Structures are given as C-alpha cells and as structure tokens.
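There are two complexes below, and they share chain A, which is joined by chain B in the first and by chain C in the second.
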Partner chain A sequence: MDGLFSQLVVLGSSGMLLTAIIILWRRGVPAYISAYRWQSWLLAALTACVGYFGSDAGLYGGAIALVLLKGLGIPYLLRSMERRFGAQHELRPYVNTETSLLAAGVLVLFAYALARPWMAVSALPTRAGLPLAMGLLFVSLFIIVSRKKAITQVIGFLMLENAIALLAVVGTYGVPLLVEFGVFLDALMGFLVMQIFVYQIHETFDTMDVEQLTRLKH
Partner chain B sequence: MTIILLWASPAVATALAILVRPYRRSVGEASVGLAALSLLASLWLAAQALSGTVTPATATDVSRVDSLSALLAVCITFVSLVASALGPGLGADRDGNPILFRRLRLARSAAAPELEAADDEDDPAQSRRFRIFQNAFALTMIVAVTANNVALMWVAIEATTIVSAIAIPFERSKASVEASWKYLLICSVGIALAFAGTVLAYSDFVSTAGHLPDALNWNILRNAAPSLHPELMKLAFAFIVIGYGTKAGLAPMHTWLPDAHSEAPATVSAMMSGVLLAVGMYAIARWKAVVDAAVAPAFTNALLITIGLLSVAIGAFSLVIQRHYKRMLAYSSVEHMGLVSIGLALGPLGTFAALLHLVNHAVAKSMSFLLAGRILRRYDTTELARVSGLLAAMPWTGPLFAAGILTLVGLPPFGIFISEFLLLKAAVMTDHVWIAAAVLVLLLTAFISLVHHLNGMLYGPVPAGVRIGESRGWAVMALGGCAIVLLVLGLLLPPPVAALLDRSIVELVR
Partner chain C sequence: MIEMLLVVGQTLAGVALAPGLVGSIRWTKARLQGRRGAPLWQPYAELRKLFAKERVVSHNASWLFHAAPFVVFGTAVAVLSLVPVVFVPTGFDSIGDLFAVVYLLLLGTFFLALAGLDTGSPFGGMGASREMTVVALTEPTVALSIFALALTAQSTNLGEIIRQTVAEPARALGPGHLLAFAALFIVTLAETGRLPVDNPTTHLELTMIHEAMVLEYSGPYLALVEWGAALKLLIFFAIAANLFLPWGVAFTPSPVALVAGFALFVVKIGALGVAVAVLETRVAKLRLFRVPELLSASFVMALLAVLSTFLVR
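What follows is the complex of A and B.
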C-alpha cells in the first residue's frame, strides 16, 4: 500500500516539475497557461491522494478548493488577460532555451542535495516528493528572473505558490485548516492585484516587457 | 478585551472608508479618531505587559500579547496615527497642513475667507483610496505582530504587501507603476520563501511530535524546539531570513525598497519605512528564538551578522552617490535595518540595542519621510540639486528635517545615538571588535554623505518660483511632537520603555 502511495506521489510531483520545465522551452503564453492548469490539477489530485492514503478527510476539501481556484478560476482569468492583449510571445528571454534547460537540471540537482537531511529524518511515505517540490520551487524562481513578460512572471509566481503547497502536502500532510484558508485568500488577492498591475503596465508602457521598466536606478 | 479594540479600530476605519462613497471629510476625521483609539489600546496593552497583569497567551489563543508584541504595536499605531492625521482627504491649506476640527475653527472666526480660498481640496477618489488602504495596511501590521500563530503572522505579512502595493501608485506614472510592480513581485516571491521555511519547520515538528492542532503557535513551537532536528532547522531559518529579510529590506534582497519608498506618497512611505520594515525584523527575531533553541546560536548569529554588515555597507555607500532625497532616506533605511540585524546577533545587550533602534528608527524615519513629502510639495522636485535654502523657505519644516537627518546619522541628543552606542558596546563586549570597527567606519561614511546632502538642502538661495514662508499648523505640531519623542528617547530613555525592552529580551534570548 505504502509502495503504491509513494509511487503516486513521485509521479505527481514529477509531473508538476515537468509542467514548470515546459515554460522554459515553449514561447507562447497560451502554452504557459495550460501548463499551469495541468500543474494545478496535478496538485489537486496529489492532495486528494494524500487525503485518501493518510485518511485525512480535510484534504479532500483542500483538493476541491484547489481545483476551483487554481484549476479553473485563475487559468480563466489568465486566459482573458491574454486574449485582451493579443498573442503574447516570450521571444527573447534573458536566458535562452538551452541554457535555461541546463539551469533547470542543475537546480533540481541542488534541490536533491538540499533536501537530503530532510529525507533522512522524515519517515513519511511521501518523502520522495520533497526534493521534487524543492526543485519546482527553484525552477519557478528561475522562471521569474529569466523571463521578460509581466504575465510570464505572474505565472512563475503562481507556480512558486504551487510548489509551496506541494511542499506542505508531501512534507506535512497539509497545514492546519485556518492557515490553509489564509494562504488561499492571500494567493487569490495577490493574484488579483498582480493582474491589476499587469493591466497598468500595459497601459502606461504600451508593452508587457518588464525590460522597459528601467526608469528607477540608484 | 483590549486586543479586540486594537484590531477593531483599523478594521472599522477600513470598512467605513469602503462603505461611505463618495468620500466625505468626516470619514477621514473618523479614521484619525480610530487610529488614536488603537494607539490608546496598544499603550494600554503595553502597560498591562509591564505590570504583569496580562495573562500569558495559552497555547490555543489566537492572539498573543507579550512585551515585544506590545512594543511593536505601539510603534505601528503611533506611526499610523501620524500618517493618518497628515494624509489627504482632511482638507489642507497650501502648506499641506490638514485642517482638523475645521468647523470649530470656522465658527470661531466667522471671517475666514482667505482660509477657504487657500484650501486646495484633494481628489475625493484618491482620498477614499488612501483611507481604505492606509487603514487596511495598519490592520495587517497590527495582526502580524500580535498573532500567536506563526503561519497567521505570515498570512498577515503577505497581506501587508498586497494592500501597500495598491497604495504606492497614487498618481499613476511610469515610475510609480514600475516601483509597485517591483515591490509586489519581489516581496511576494520573498514572502513565499518565508512560507517554505515555515513549512519546513512545521514538517520537522510533525515528524517528531505528530499532528497537533496548534503546533504552529509560538509557545508550542518554542517549547518543542530543543527536540527538533538542527539540520532541518538551519535550512528553515535560511529560508525565513531570505523571506522576511526581503520584507525588512536587508541586502541583497533590498532592491525593491528605494524604488517603492521613493515613489509612494509620503504618508505611505512613512508607514512602510518606519514600521513595515520593523515588522519584518520582528518575524526574524521571533524565529531566531525558536531556531536558537534547536541549533547553537552561533549559526543564526553568523547569518544575521553577514547579512546585516552587507546591508549597512550597501546602504552607506549608496548614500554617497544619492541624487534624490527620498531615495536617500530609503537607503538610510537599508542601513538601519542592517544595524538591527547585527544587533539581534549580539546577545542580550545587542538585542536590547536592536529593539531600541527599531523604536527610534520608526519615529525618526516616518517623521523624515513626512517632512520630505512637505518639501516635495513646495519645491516640486525630489532632486537634491534643486532643493536649496530650505531654512529660509520653510522655517518650520527646515529645522525639523535637519533634526530628522541628524537623528538618522546618530548624533546626540537624539534617540538613535543611544541605540547605536549600545550596539557598538555589545559588539565589543561579545568580542566582536572587528564588527564594531567595521560598523563605525560605515556609519562615518553615512554620516558624512548625509550631512553633506543636508547642508546642500538647508542653505543657499531659494530657487526662483518657490514660495517663502510657512504657516504653523497641525502638521508642524505633530511632526514637532515626533522630534520631541526622539529627544526624550535620547536624553533619558524613559523607564517604562526600558522595562518593556528588558522584558522583550527575555522572550527572545533565553
């Protein structure tokens, strides 16, 4: 039973990491949005799975909330934002595709090294997912710093949040409900405010390249 | 009970500002009144913490009020009251002095047409937005320092980013949109890392003690800390310092700070620089106490000293090349947060100095930013080179601004002199003479460049087109009050404050 459980966790976590890596080699924002949607669904499935094997009914509620907010709601808002600005492509990121993929590999290795003491002390059947969650965290950070479009940065930030949710699920079987609720609220508010600013950047700069945002120095 | 008053006053003020539309002046007046009420509540809490009548937070309480929380709450509510009283939407004369109790005044002097004419009304929509987000900002900070649950504290600190980011682009320009975007993105990412650190610590707790409902409360966490795994807690603390350090403006995560603080309206920068940074340091200090119980303190100390020295250095050297006075104040914040970070790593005396420094800095920096707002209003520029003759042009603002800057460089008789002196003393006493030397050199650098910039602003001819003379209104009195607080803190360090600090140290250093 535990064998199946840990395999499912590794499968789900790897899938989530893979969806983040997709962003590094695809160029179009629609592809990014569907990658994010897949990642959120995987996260919800994993949460439900941990709820089933860990017999914690509260996690089912968490999974449903994840599907509603991150699987359906936010991708819908992202898509309407993308439609309004017309086709957006990440044509010349700060770091090119090949280097990005190599960097992602190095980051995942680094995550494995960093998670070793944690793996050593954890007795949970889900512990194999920990380095993958850390890897996802670092790859999301890398997306934020290496891509130019404001909307790509927002998606990177959303993936970072998914990474932390994954970390909480596989590392602790979910944080207490009250905290979960607060985090959810913050995630939603944060996303909505970022959306406002993406619109403002588009209006004031006539572009979504944050490369243009260089007015303030020293 | 008092804690409910403390939380409810800004909440009611926010709700009032949201519900009443279009904006009316009475909303602004009510929110000043409520801010004063929450200052009273926090002072009452501080008194309770001092007299020991406050019941210590049990494991299941939502809120906790110990001396440290009360200290921070007093700072937050004080700065929030000053910012609220000087904010837009109260009706202001041409010097930006809000006319409180205006009806009273009008009644007293029936012939006040010139007062009426001098009024330049703020845009009601902007005033409404300011009132909503200023109060929400104060509320989130108060919740952050009084929450008993580390994760709830995180939720509140994350919320501060969201509400203050909306308040920055007061007048939408390219620069202000850029500043808010940087602020929002960098701080959201940073704070997400802090949550990763919280989850790491929690997962260690779960693996040793099992699932407990209130495992994330400070008391439980701290009592359980000695049995946690040092390796894991080190990793967690690294995440937490990076995360909350981003909020606190510690280098190298400080890059958002000068932009956001210089682009925000003066009242918002005063709150961001004066107390939001302090809230970030508060989170680090609390976590340090937990981690120190699991790992030998040498680890956290080394980390904080490194990052603190780097911040002081970057802050001090950026001051040398500054061309804008608001950015100058912002970089000075980086420098001061670095000092606080170093102080936290230097044992009980260092912690005392660090907390006192937080208090002094909260008053001095918010006062300076509010005065900078007045200077900007008069000179219509943030460039240092285009501001001169301040003493002649603004006979009240000029000397007060000078007092603010002289406080920030650490001159006696103002408060920061005492805290910096204690910090150096703590460094020498804990055999970190080289730290004391390095800090001293960097402080000297900051001193020279700040005083040089200040000289340029105070003296010289008043540029053409800048009005000369200034009326003495409420705003000047409020800001003068801040200067007096700084003097009192520097000259005699009131016993209640010292006692509050002493008790806070017991919370932090075992």
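What follows is the complex of A and C.
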C-alpha cells in the first residue's frame, strides 16, 4: 500500500514539475494559464490522495479549497486579465528556450542533491516527492527571474506558492487547515495586488514588459 | 530452437505489418480531416508498384548511393529482431541490448544522410544536414529514456526490462516511466519524420527533412527506403508500447499466449497510431529553429526520468 502511495505522490509531483517546464517551453499566455490550472488540479488531487492514505480528513477540505481557488478562481481571473490586454506579442525572455530548459534540468538535479539528507532522515512514504517539490520551487523562481512579461512573472509566483504548498503536503502531510486557509488568503491577496500592478504597468507603458520600468528612473 | 523460430516469425510479422501501420495512420488522419482516405493497404500497393519500376540513378552516384537502401532496410530488420514484439525470448538474450538497438537505428540514419549528400543535389545536402541536426539532439534522448527503464530493471536487456515491469506493475506508474515515455514519444515523432518536426506528406518543400534526403531515389531503392522508414516507425512504436505497457507480451511459446500477445500488440500500436494521427491533425509543423527547443524539452524530460529513478532508490 505504501508502495502505491509513494508512487502516486511522486507521479503527482513530477506532473506538477512538468507543468512548470511546459511554461519554459510554450510562449502564449493562454498556454501558461492552462499549465497553471493543470498544476493546481494536480496539487488538489495530491492533497486528497495524502488525505486518503494518511487518513486525515482535514486535507479533503484543503483539496476542495484548492480546486475552488487555484483550480477555478485564479485561472478565471488570469484569463480575464489576459483578455483585457488582448493578443500580446511574444517577448523574448532573458534566457532562450533551450538554455532555460537545460537550466531547469540542472535546477532539478540541484534540488535532488539538496534534498538527499532530508530524505535520509524522513521516514514518510511521501519523501520521494520532496526533491520534486524543491525542484518545482527552483524552476518557478527561475521562471520569475527569466521572463519579462509581468503576467508570466505572476504565474511564476503562483507556481512558487503551489510549490510551497506541495512541500508542506509531502513533507509534513499538510499544515493545519486554519494555517492553510490563511496561506490561501495571502496568496489571493498577493495575486490581486499584483493584478493591480500589472494593470498599472500596462496603463503607464502600454506594454507588460517589466524592463520598461527602468524608464521610471529618468 | 523454437525460440529462434518465434523470433524470426515475429520479425517477419513486424516487417509485413509496418506498411499497414503507415497506411492506418494515413487513413485515420484522412478521416479526421473529413476526407475519405486511401485504404489501409495503399502502402503495400505503392511498394509493389515501386518494386516493379526501373531504378534511375544519377551519373555522379557512388557505391554509397546503391548501398544505403540496403543498409537502411537491413539495420531496421536487425533492430526489429532485437525488440520483443510479441514474444520475449529467454535463450539468446545476450545478442543485443538497448545500446545495440539505439546505435543500429542510428547507423541506418547515418547512411541515409550520406546517400543524400552523395549525389550532390542541393536538396539532398540540405536534408542530410537537417537530419543530422535533429538526430544529434534525439539520439541522447532515446538512449537516456531507455536507460531510465534500464536503471529500474537493473539490466540493459530489453526482454529483462519487460519481465521486471510485469513483475512489479507499480513501476509503470512511476515518474521515471511516464517521463521517459513522454520523452520517447516526442523523439519517435522526430526520428520517424512525423508532424511537429517534419511533414511526412510533403514533397518538394523547403521545410522537408526526410523527403529531401530520399529525393534522388526511385524504383526498388525508394521502396526499400520507404519500407525501412515504416519499419523504423513500427520499431519505435513497439519499444514505446512493449517497454512501457508490457502486459500481453508472451513469455512462454504457447499458442494462446502468442495469439493474445499478437492481438494486444496490434491494439497497442493501433492506439499509438491513432494518437499520432490526432496529434498530426491538431498541431502545425514547427519552424525549423523551434525544433531544437522541442527536442531539448524531451531531453530534459528524459534527464528527469533518469534522475528520479537514479536518485530515489
């Protein structure tokens, strides 16, 4: 039973990692949004799975909240944001696609090296998901720093938040529901604030390229 | 002895089945696009027609040009005999493992590229250079993704990998397997000249890769090259189907197991063929300069597959 559980956890975590890698490869914002949606659904499924095998009913509530907020709510807001700006031309990221894909591979390797001692002391059946969660953390950070478009950076931030939630689920079987809801609220607030920022940037510069912000200095 | 006969039998069956696979993909694609489509046996008719024609060879062609079709077809048949299609032999496992499979396939591609360069036509040279670009990126991915399976099975032998996966079905759900499958699927599309990388239905277009190399071939040589390409598709499908979803492959030479194995194999590669046809209908061909991005994505997936099997044990 534990074997199946850890396989499912690793499967879900690598699926989430894969959605982050898809962002590095694709160029259109709708593809980014659907990648984020997939990632959130996977996170919810993983949370429910941990709740089932770890017999922790509180995690089901967390999974439902995840579906509602990150699986449906935020993608909807992202889509309406994207619609409002219309079809934006592609921006060249700071790092080209091939290099960023290879960098993602190296980051995941780094995460594996980093998580080794942690996995050695952990006895949970979910420990195999730890390096993948940390890899997702690094890859989302990489998305934030290497992309120029504000909306992509927002999605990178949301993925970072997903990575931390994943880390909590596989590392400690989730945090108490109350803390979880607090984090959700924080994420939602952060997202709304960033949405306002993106609107402002778009309003001021007529583009979502954050490089333009350097013009504010003059 | 009986194993030897079975291996020869499954190789011949694969050789006979390969043009049918190409025909079925074309037919499915046509139906999806609202056309009636040529019948499934159309590739067989084409091969018969080509074998009956005379061959026209450029004056500048050297022996390489004459040898390449035989090398392409011969290596494909040799590789097919190493891949467990319907039956996993136990006796002569030691003849060839996955490294032999990967590099024999590469040998055929290498000779095809040489033949493309040989006649000195601009199309041939262009096709050869593109093919080499693509192959240089796909080859490490193929090796890595099969290597991910070999790591879990602790053996580079294809039959042994299948046996281990059947013995422990939870492995097939593991991330190593799934990521490796995704990587191998992308590589299959690239290596066999399917749509996001190369368009199998165009001739005389500046974007083509495989067709540009074989442009100078005619008659029986073209038939051999085409058949070899179809075999390559079948080999990749067989690897993808039997290594990642090995259920149904016969381990004992009993007639029931063999018939069931054959039927399941046809179903599996049929499903893969439908998947390829749907994909080809949905996606457009990538710009040539975006192909390395796709292939590096598949390389990263194969790398992750190896990582997750190698480091989590």
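To be clear about the criterion, the second predicted complex is superposed on the first by the 212 of 218 C-alpha atoms of A that agree within 3 Å, B and C clash if a C-alpha of one lies under 4 Å from a C-alpha of the other, contacts with A are read in each partner's own complex, and residues count from 1 in each chain.
In this section, a residue touches a chain if its C-beta (ideal position, glycine included) is under 8 Å from a C-beta of that chain, and two chains touch if they have at least 3 such contacts.
The model shown is predicted, which means the values in this text are computed figures rather than measured ones.
**Q** Clash or fit: how do chain B and chain C relate after the overlay on chain A?
**A** Aligned on chain A, chain C fits beside chain B.
**Q** Which partner does A:Ala168 reach: the first (chain B), the second (chain C), both, or neither?
**A** Touch partner of A:Ala168: chain B, not chain C.
**Q** Between the C-alpha centres of chain B and chain C, what angle is subtended at chain A's, in steps of 10°?
**A** Taking the centre of chain A as apex, the angle works out to 150 degrees.
**Q** One more residue to check, A:Ser122. First (chain B), second (chain C), both or neither?
**A** In the superposed model, A:Ser122 contacts chain B only, not chain C.
**Q** Answer with first, second, both or neither: which of chain B and chain C does A:Val193 touch in the superposed model?
**A** first
**Q** Report the partner of chain A that touches more of its residues: chain B or chain C.
**A** Comparing chain B with chain C, the partner touching more chain A residues is B.
**Q** Could you say whether A:Ala150 touches chain B, chain C, both of them, or neither, answering first, second, both or neither?
**A** First partner only, chain B.
**Q** Using the superposition on chain A described above, determine whether A:Glu211 touches chain B (first), chain C (second), both, or neither.
**A** Neither partner.
**Q** For A:Ala104, decide between first (touching chain B), second (touching chain C), both and neither.
**A** Once the two structures are laid over each other on A, A:Ala104 reaches chain C alone.
**Q** For A:Asp2, is the partner it touches chain B (first), chain C (second), both, or none of the two (neither)?
**A** Neither partner.
**Q** Pick out the closest CA atoms of chain B and chain C after fitting on chain A and give their distance in Å.
**A** Between chain B and chain C, the shortest C-alpha distance works out to 18 Å.
**Q** Would you tell me the residues on chain A in contact with chain B in one complex that are also in contact with chain C in the other?
**A** Touching chain B and chain C on chain A: no residues.
**Q** Inside the complex, what are the residues of chain A that reach chain C?
**A** 3-4, 7-8, 10-11, 13-14, 17-18, 21, 24-25, 97-98, 101-102, 104-105, 108-109, 112, 116, 119, 128, 131-132
**Q** Under the definition above, what is the set of chain B residues touching chain A in their complex?
**A** Residues 149, 151-152, 155, 158-159, 161-162, 165-166, 169, 172-175, 177-182, 184-185, 188-189, 192, 195-196, 199-200, 202-204, 206-207, 211, 213-216, 229, 231-232, 235, 258-259, 262-263, 318, 321-323, 327.
**Q** Within their complex, state which residues of chain C touch chain A.
**A** 170-171, 173-175, 178-179, 182, 290, 292-294, 296-297, 299-301, 303-304, 307-308, 311-312
**Q** Mind pulling up the chain A residues that touch chain B in the complex?
**A** 114, 117-118, 120-124, 137, 141, 144, 150, 153, 157, 160-161, 163-164, 167-168, 171-173, 175-176, 178-179, 182-183, 185-186, 189-190, 193-194, 196-197, 200-201, 204-205, 210, 213-216, 218
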